[in-house]
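Listed below are the structures to be examined.
Both of the next two complexes hold chain A, though its partner changes from chain B to chain C.
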Partner chain A sequence: MSKLTPYLLVAPLVAFIAIFTYVPIVSSVDLSFRSWNFMSPEMPFVGFSNYARLFAWDDFWDSLKVTTIFAVISVPIRLVLALAIASYLKRETLSSRVLRGAMFLPTITSTVSIAVVFSWVFSTDYGLANGLLTAMGLGKVPWLQDPSVTLLVLIFINTWKQLGYDVIIYIAGLQAVPQELYDAAAMDGGRRFQVFRRVTVPLIMPTTYFLLVISVIEAFQIFTIINVMTRGGPAGATDMLVHLLYRTGFVLFDIGTGSALAIILFVLLIGLALVKARALGAKVHYEA
Partner chain B sequence: MSRSLHISIAASFVALAASTIAAQAQTTVSFWHSFNNRAGEALEEIIANYEAANPDVDIQGEYVGNYNDIVARLQAAIPANRAPAAVILEVTRYGLFADGGVLVDLTPYFEADPLKDVLYDYAREIGVIGDKNYTVPFNSSTPILYYNKDIFARAGIEGEPDLGTFDEILKAAQTITETLGSEGITGIAAPGQFARWGLVMANGSDLIDSMTGEILLDDPKTIEAYEWMASLVDEHKVASADGVTEEDNGRDAFLAGKVGIMMNSTGNYVGAREALGDNLGVLPMPCNPDCSVPIGGAGIGILASAPQDVQDAAYDFVSYAASAEANAIWFAATGYLPINKNSAEQPVAAEALANQPGIDVAIKSLPYAHGRARTPVVTWMRTTEYDVWQAMALGQTPVEAAMTKFAEDTRAEEARISN
Partner chain C sequence: MKLRQNATTALALVAGLLFLSPVLYSIWMSFQTAQSYYRGGFEFSLGNYGTAVTKFNFARYLVNSIIVSGMVTLVGLAVSTTAAFAFARFDFKGRDLLFGITVATLMIPSHITLIPNYLTLARVGLLDTYAGLILPAISNGFAAFFLRQYIRGIPRALDEAAYMDGARPLQVLWRVIVPISRPAIFSMGLYIFLGEWNNYIWPLVAVGKEDLYTLQLGLARLYSVNPGEGLIDWPLVMAASTITILPVLFGFFLVERHLVRGITMGAVK
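The block that comes next holds the complex of A and B.
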């Protein structure tokens, strides 16, 4: 085997990633400094004016704010619920296995289908949710018309869809915790909550860390549910960052500003990952 | 191996080669459109008829979503060199493509085509910007007022209702909501954007002046019309808020017999008739006091990126699609307006006019139908209008303040994109 062989073996994958990941990123950076509408053969260099336009644009700050609120509420709910359910479903019983499958179904179901179905469930005058409330003698809730309620609806649907994935990952993490540690804790007289806090939580920290990183990225990149259910409404109240990016680039024909927004989102997510690494890195141990 | 088997294999190869050569001799015209269901079937019939008469041309029609979806997909396809040869483009949103040199100037084709003499003026006009013709009309429409006769009768409104002014419409909607609200029936569907534009025109104004390009979003008459429309949802509660955040909800509820009045494109006529049967009533849009309706729909443009022979074949098809024969099929199947002066004489159109009461209401509106502005800022204005309308109709922002800011923002955007 020559020294070149390993490089030749990985070359196809490296080329694939370079072409389909890094070239588009570099291209987006380039486009973010240009003015282009997809059609013009010319793409004049405009410096930082696309970025300046974004920072002066109320819609951008509103979008950043609502996306941050969405992430701050939905991520902890997802992680806490997933850990609680995983703790219950980690046992290798038939019912646990069936429930794990049931929990995972929404994750592998088409997001568009889910959004369409929930659009009808949460229709104010014709939906199932208000039908049930009305049958119970309660008033109708404007699920998709009141901005704060609509945001909660979106958080609920996203949590419902993603929870199965989080649960499965947590179950894998919980099952990797050595039984001897629980036995030792029991012999030392540890109570259930103490064992959970002192043994389980530290030992599944790599799993928690992984899910935290993934769920924050997902929260900042949420698009499909928004685009199908609210299109950023009511009145722009759920126009989250990626939907604003889509609207700017593909509806308003402003590719330069859309690319600038993509780069800002990219930098923001890297920044958040670094903050999380600094805040939690010392608590993440990959060996028991 | 037997001799006959050898001969069979050789014959197969010859047949395969011949069919391949024949296929290569065909000119293929890829055509993106926005029609499915009943309209999609009618378009397929038109394409099949054309191909039968022109076996050397293969029209590959593809449904790619609504008008917005087409614009989004076209944008992505153009830099990737994957754009179709022909595409349906909504009448107010092709200006940017024409401006960017994406669309072929069809004026030379048009001037040499006898079609130009048999198209209605209103139809021909929708494809013109300045002195150039960029699209050939295909599906033209105006908003009309649909009502459910059964709901009106149950609400105690007998005979053909008076729905000629904003006050009369509101009064009928209130009567229906008060009488039948307990059954989940509301008086009127919140107007969609096409109907909103029509109601502004009926109130004596416009969103953007089609002749001068002046932005009229903060004109007092425009604001007055929006105040009335928003009041249907926010103040009088005669229209469901579901139709504000998703316009199709209002239409679907009307088709399901849950709404008394709907203002929508004439292109919904056949679907509404299928849903409601003889309970469907059709009237012109209100005159409050002006009788004026916008012309909507779409035309077919040809992309400059297509080879010349494909452009020629595409125009030939587009011209056929606007012919009396094809347009009559389209009119009878959908309810869209006739664009060809001879369409009504075709048997299929004559039968529709005789047997489908109300299908001619939009035709009668033509004397006061007007084209709309199609300057590059219109795309931005229409996209943004949805959010502004939601804010007003859901009571989040006062109408006058919302429209004043909307007008300022639109003027700023117009200045930005013109630089």
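The block that comes next holds the complex of A and C.
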């Protein structure tokens, strides 16, 4: 067997990764120091001025704020709901399998379809949401036109779509907790909620940590729902970071500033994962 | 006892239907005419599907989605499996570094590659081609990682027996490793296919020609032709949406267990 064999076997994968992941990171850094609009023959080096422009741009700060609000509201809701539901659905009965299946379905369904369907649900005049409100004798809400509610609508839709994933992951985590621990806690006379708080929650911490990181990172990458439903509106209320990146690069054709934003997003997301890992490190290694 | 069990199952079924009601209603809506929808009645019709296919080219989009997702899955699996085999079974200089580089891609947010990949493809003239849609999606660090873990669990004695019989590495991979790893490969195939089927942002930037639209692009464009509060033809939009969802739903009911296993295995261990 030739010494070359393993290299030939990994070569195609490594080549694809190099061309479409690592080289682009390097060229993003390079482009973020240049001024370019896709068209002009020159790409002059401009130092940090793209970053300076970004930091002086209200849209950037608004976008960062909107994205942070989205994460701060949606992540805790997802985790709490998912753990509660998973505690009910962890047993292997037919009914819990049925419900798990139903909840899981949206996570693999096309986001564009979901965005379109919920555009109808939340449309002012013919939508399901306002239909229900009217039936209850309440007034209509302009869900996708009122800047103060539109972000909440997107949080709702995203939670609906992703909840099934969180539930499945929590169930896998819960099923890994040894039954003896529950039995011991019950023998000690622990009430159900206490057992949940003192036994389940600490033991499930690694899963919670995993989901926390995943869902924060996900919140910082939301794009499709926004592009289909709101285009960042109304009045910038849903202009989250990746949408701003797309807008800067492919609508305003400002490649330099778009790349600077991509770099910032990159550093932010990698940093986020590392900081969270350190903060939660102590509890993650909790052993039974 | 039996009665009580049936009752909880029924309740779970109702809760599940309620949870999915927006999507279920959209499918139901797609089978009625716009006139009857806005009048408030129900008139069964397949007309929306006819319009989606004839006037809006959704048959073409469907074929495009199948081609793109199918190719990404096949080539992606081939590339990941051969690499996973090498990572799991061979000792070679730089192995840990290359494997580390592969796994690290899982942490890298894909949006940083958006502008550079667009420029790369523009430079080699692959924008507005199938290749341009497919190539950037081929490498999948997760699939390579997952398959490598799986292959490491296969007893080496099986490989060695095959080598004794004079097999070459690729034959060992094809005749020994791949048949045993079939469940893992299948799970990863589903995972890749679904991810690509639902991919939106890359086709959005890489394709301008309507002929190359995937279903996701076609649906988004059909809806955005009239996204305001004017009279959208909701039943038509829902028919297009149903065409976009349906293949995935069928697949889900066929292989639910594989899918869930693939996803939880990736997360928990």
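Note that the second predicted complex is superposed on the first by the 268 of 288 C-alpha atoms of A that agree within 3 Å, B and C clash if a C-alpha of one lies under 4 Å from a C-alpha of the other, contacts with A are read in each partner's own complex, and residues count from 1 in each chain.
In the analysis below, contacts are C-beta pairs under 8 Å (C-beta built on N, C-alpha and C of every residue); 3 or more make two chains touch, one makes a residue touch a chain.
This is a predicted model, so every value here is computed, not measured.
Colleague: When the two structures are laid over each other on chain A, do chain B and chain C clash or fit?
Modeller: clash
Colleague: For chain A, which side has the bigger count of touched residues, chain B or chain C?
Modeller: On the superposition, C touches more of the residues of chain A.
Colleague: Of the partners chain B and chain C, which touch A:Val242 in the superposed model: first, second, both, neither?
Modeller: Only chain C; A:Val242 stays clear of chain B.
Colleague: Could you say whether A:Phe250 touches chain B, chain C, both of them, or neither, answering first, second, both or neither?
Modeller: Touch status of A:Phe250: both partners.
Colleague: Is A:Phe55 touching anything from chain B or chain C once the two structures are fitted on A? First, second, both or neither.
Modeller: neither
Colleague: Please indicate which partner A:Thr124 is in contact with in the superposed arrangement: first for chain B, second for chain C, both, or neither.
Modeller: Touch status of A:Thr124: both partners.
Colleague: Kindly classify A:Phe45 by the partners it touches after superposition: chain B alone (first), chain C alone (second), both, or neither?
Modeller: Neither: A:Phe45 stays clear of chain B and chain C.
Colleague: Applying the stated clash rule to the superposed structures, which of 3-11, 39-47, 75-83 or 345-353 from chain B runs into chain C?
Modeller: So the stretch of chain B colliding with chain C after superposition is 75-83.
Colleague: Same chain A residues contacting chain B and chain C, which ones?
Modeller: 119, 123-126, 145, 250
Colleague: Which residues, counting only chain B, touch chain A once they are in their complex?
Modeller: Against chain A, chain B makes touches at 68, 71-72, 75-76, 78-79, 96-97, 100-102, 184, 186, 240-242, 244-246, 249, 253, 258, 379-380, 383, 386-388, 390-391, 394, 396-397.
Colleague: Going by the contact rule set out above, which residues of chain A touch chain B in the complex?
Modeller: 37-41, 119, 123-126, 142, 144-147, 230-236, 239, 247, 250-253
Colleague: Where on chain C is chain A touching in the complex?
Modeller: 5, 8-9, 11-13, 15-17, 19-20, 22-23, 25-26, 38, 78-80, 82-83, 85-87, 90, 92, 95, 98, 101-102, 105, 107-120, 135-136, 138-139, 141, 144, 163, 168-169, 173, 194, 197-198, 200-201, 204-205, 215-216, 219-220, 223-224, 227, 229, 232, 234, 237-238, 241, 244-245, 248-249, 252, 256, 259-260, 263-264, 267-268
Colleague: Using the touch definition up top, name the residues of chain A that touch chain C in the complex.
Modeller: It comes out as residues 1, 3, 5-7, 9-10, 12-14, 16-17, 19-25, 27-28, 31, 93-96, 98-106, 108-121, 123-126, 128, 145, 160, 165, 168-169, 172-173, 176, 207, 210, 214, 217, 220-221, 223-224, 227-228, 242, 245-246, 249-250, 255, 258-259, 262-263, 265-266, 269-270, 273.
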